[in-house]
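What follows are several structures.
After this come two complexes, each holding subunit A, first together with subunit B and then together with subunit C.
The block that comes next holds the complex of A and B.
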């Protein structure tokens, strides 16, 4: 075994893999944000709360209806996505045409309300949620012990990211969607129901957040503040990737997970700030983000 | 005419006594705590409920006192905590601040309290420096401290064979103090510390740090963190096969709400030192029932119990002095009268501000052993009051040295 900067290469490979796993959460969450921003022009600060709702929904379904992880993985995004549709119909559709700040304040306020309600009802210490039986245990890769569940997280989120990217960038529906953001009036003239499409897109973005929430439930503490802890980092990821860029969100999500993972080895004290340092540097050099275009 | 005059005098005299009775001694208590983040379940709203119970049980009207209660969220930020404390002391006429989890915030509030000559009763924060180099004549450290945790949990683990340690430490005053105190105990008992990693407060993912701990090959992974950080460490540790690989966690600061959040499946077997457990005796159970009226479905932590006990003792001292105005005098009075309540039993407050009571070594039960909700601990050993806390001779507290 050889050393890299005084760290055994074994440990380093392990940390790279861990970074990739954390990156897959960042990617999933920032993907939802990017879809919503790209298509609706709304900076969705409720995203963290919706991620938390996903984790709690999984817990509640298990606790009260006896539905397991796999069932939750399908049902929860639909449920929470539906709640997102409600939010879009009730509030967001009215602020979409205004300045970004209105949407930002509205969604930020909503996030605080949702988090407050959950805290009031469940307290803040959180609820237990087990790793599903089929994914218990793990494999010894030689350089690290990889829990099966983490392997599943990385694989599944990669698939979800690619499918979403493909749907938006390469399909007919995706092209309608992109056209609708460029020029809604013209697209409507072709007989396409743009408001409904926008509503469904918001629901889809929220569903992605909820999906990440379900996936997070077995490994992170399921607590009302889990969303607000991660959302700021995810916003940094989206800014670095370029607001609204789908591919940017995915690539930077994984990339920053790795950078954060390496920081945890070389200088752990800085691991909670390194992403913001990267953000500051990227904004100085490329204000539109790595994959963004200046409009 | 004379009769009328004396009648008027008598009336006036009567009115002043009535007026005196109507002007009870005002006392204002502030619960400064974490209402919304990783420590909120162990402190927070449950601490406010505990303070309310203490005021109720003290019965201010019977002592011709009027006690008001305010509370605020310091968000785990020392600057926020200090500005609330100043606002309370300067503008809102608060006489005493209680609880304050997070040692960084507590150390800052302790300075402000001394400057304003008020009273600060620490239940939430852990750093033993509060009664060590940073002790003040206005601060009392009530429930527990890092020395107690290190000696209770640390010593018992080293004695049962856990000789090599690796620390995962919260990167601020509390974590550093806890690691320092535990390291001293481990080394004094023939153990060895192989390494440590400082982790930012409120981290979500501990897997990197767990891998580093795994690579160290230490028998014991000491968790010098608390609340949500401890929960995430243990939950993810189980996933990475830490315990299956023969390493063990030492949760140096674990509270019952954390155990509930982890579930017994993940938490079973943890060793933990606390001066209070809700299911200790009839007195603690009866109190818990009353507390649960305000906090349904939850179980009180030692910190919340400590807020009750400290507030009650404070009110007794104010009643004896008939004034809450001079903070130093109230603290001196609190040190004079012995402590006694159903939650911590009999004890006393030492010259350095340390409250002395027994501590208990518990082990978390397995799911099979737990018979009813909250039935989480087995009592393994009782640490007598005179051994539970750091002897004053090792304090380096200027108060004690000055009195020598």
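The block that comes next holds the complex of A and C.
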């Protein structure tokens, strides 16, 4: 045990760890938002609700079908992603040509519907979800205690983020995607089915949110309002990072998680507002965001 | 960028003036008769929200800026007014003025930050700033946290009119809301308002014509925040309560809903929308969480099939401006 700036190392690194965990979710969620915005020109307000659906799907699969965490980790993103594809076909495809504002309002409405339905059936108190057996316990690193599950969340979300970055920036399909973001008409003229690509992209982004939800389930309680609480923070993260760059979204997400964690140690009263304050400062100094182009 | 509100094809201005005057007289007549038929507190609540929606509409309908954080001004003005009236013992007119001024100051700060980005980012920034101030309200000692500020005295207006009397209060609210309504109308139809509409239609063009669009947007934002503040301050007196619900993001969503249902960028739309949504929430209150689902469904329906809103559709049907 030792102290840093008069704070015991356990407390400091413990909060730093929580910051990194929150940062993983910010990164995963803002990544999904950025991917969806790039392709669909829609800010997906439903993203938080879809994250919540991911957590609930994992909980329900365990309760009623006995499917464990690892199975949920595969099945839930597919299930919720499929529901996203349905949403895109039923609603979003009709607003793509309208002003951005309508996409935001539409997805806001959908988020209300989803949250309201879940509150009706599950109340707002929240349900616990067990950490999977394989990841119970933790390691004492000397300066802090590291629970295995938290280490897994940070490592795995980093891997997911990097794989997504690789898929978009370094593969052939990713190059189609980026081309279609720039000029969909021209890409269609080359015989690529852009509308289908748009639908799949939305499904993928929603799947990412659901994956984050499954990972979040053992850490936070599974509750209907978990999505709306996090989505507004993620919006601030997106404003800070700008949506132009995938890596930017990842770095900003983790970075802000850490800042939030540190604030909890040194100035706990401000921990729930610090990300918004950072946003205000970034807007003053670099209005385009850290990684963004103005627009 | 396509305009957010597509105004219907406009006939000559003389007709406009006539249709607007007729609609205004009808509205005032209904509001004068209403308290003898309907529960006055419900009407006062709806009136406050009508003013709130008009303030919001000034920004989204005429400048094309969608704020998703207007609860910030509404809720904080409500807190400030309640605090001034209860703890400082200010008379109602001073308390309302104080709350409204608070809304204006917050609007200046938030607007200064938010107009630095356009379009979709503007909505996200306003939402995030409002959430920040929600957390501040949750923590600040004077707001009373989860309890809010309760038992706010209505007091005597100018030391003469006893506002604890329901009808006197109603008259006061009606006059204030109508004044706010006429003020927004005046702003929209002033040379300043014409510049705002030009910014909405084509901002780069307005810039190239020599307008400093940022300043116009900021002034519009502050005006909108001030009126939202007035609405919030009045609401605090009506319910004798300022609480966290009024600064929460759901409140920002509700004002979007009211304006969208009534008709973005129409003069009377926000009023119609506010009465409709408040009525819906009052009568469906026993359904609990279903209200959220219904609200969400209305959002989806309006965006997909009813973008002009009730008044917008009516105006298109009658080929007049409303």
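In this section, the second predicted complex is superposed on the first by the 281 of 295 C-alpha atoms of A that agree within 3 Å, B and C clash if a C-alpha of one lies under 4 Å from a C-alpha of the other, contacts with A are read in each partner's own complex, and residues count from 1 in each chain.
In the analysis below, a residue touches a chain if its C-beta (ideal position, glycine included) is under 8 Å from a C-beta of that chain, and two chains touch if they have at least 3 such contacts.
Owing to the predicted nature of the structure, the values given are computational and were not obtained by experimental measurement.
On the superposed subunit A, the positions of subunit B and subunit C overlap enough to count as a clash. Of the two partner chains, subunit C is the only one touched by A:287; subunit B is not.
In the superposed model, A:276 lies in contact with subunit C only, and not with subunit B. Using the contact criterion defined above for the overlaid structures, shared-chain residue A:43 touches subunit C, although it does not reach subunit B.
Applying the stated contact rule after C-alpha superposition, one finds that A:119 touches each of subunit B and subunit C. In the superposition on chain A, A:232 contacts subunit C only, with no contact to subunit B. Judged by the touch definition given at the top, the superposed model places A:219 against subunit B, while subunit C stays out of reach.
When both complexes are overlaid on chain A, the residue A:104 reaches subunit C alone and has no touch with subunit B. Contact with neither subunit B nor subunit C is seen for A:93 once the two complexes are overlaid on the shared chain.
The clashing stretch of subunit C relative to subunit B, chosen from 116-124, 242-250 or 278-286, is 242-250 in the chain A superposition.
Overlap of the subunit B and subunit C contact sets on subunit A: residues 119, 269, 272-273. Residues 36-38, 40-42, 44, 171, 197-200, 202-205, 207-209, 211-212, 214-215, 227-228, 231-232, 235-236, 239-241, 245, 257-258, 260-263, 265-266, 298 of subunit B are the ones touching subunit A in the complex. Residues 1-4, 60, 66, 68, 113, 116-121, 123-125, 127-129, 131-132, 135-136, 138-139, 249, 253, 256, 260, 288-300, 302-304, 307 of subunit C are the ones touching subunit A in the complex. If you check the complex, the residues on subunit A that touch subunit C are 37, 43, 91, 94-95, 98-102, 104-106, 108-117, 119-120, 228, 232-233, 235-236, 238-239, 269, 272-273, 276-277, 279-280, 283-284, 287-288, 294-295. Residues 8, 10-11, 14-15, 18-19, 21-22, 119, 123-128, 130-131, 137-138, 144-145, 147, 149-150, 218-221, 223, 225-226, 229-230, 261, 264-265, 268-269, 271-273 of subunit A are the ones that touch subunit B when the two sit in their complex.
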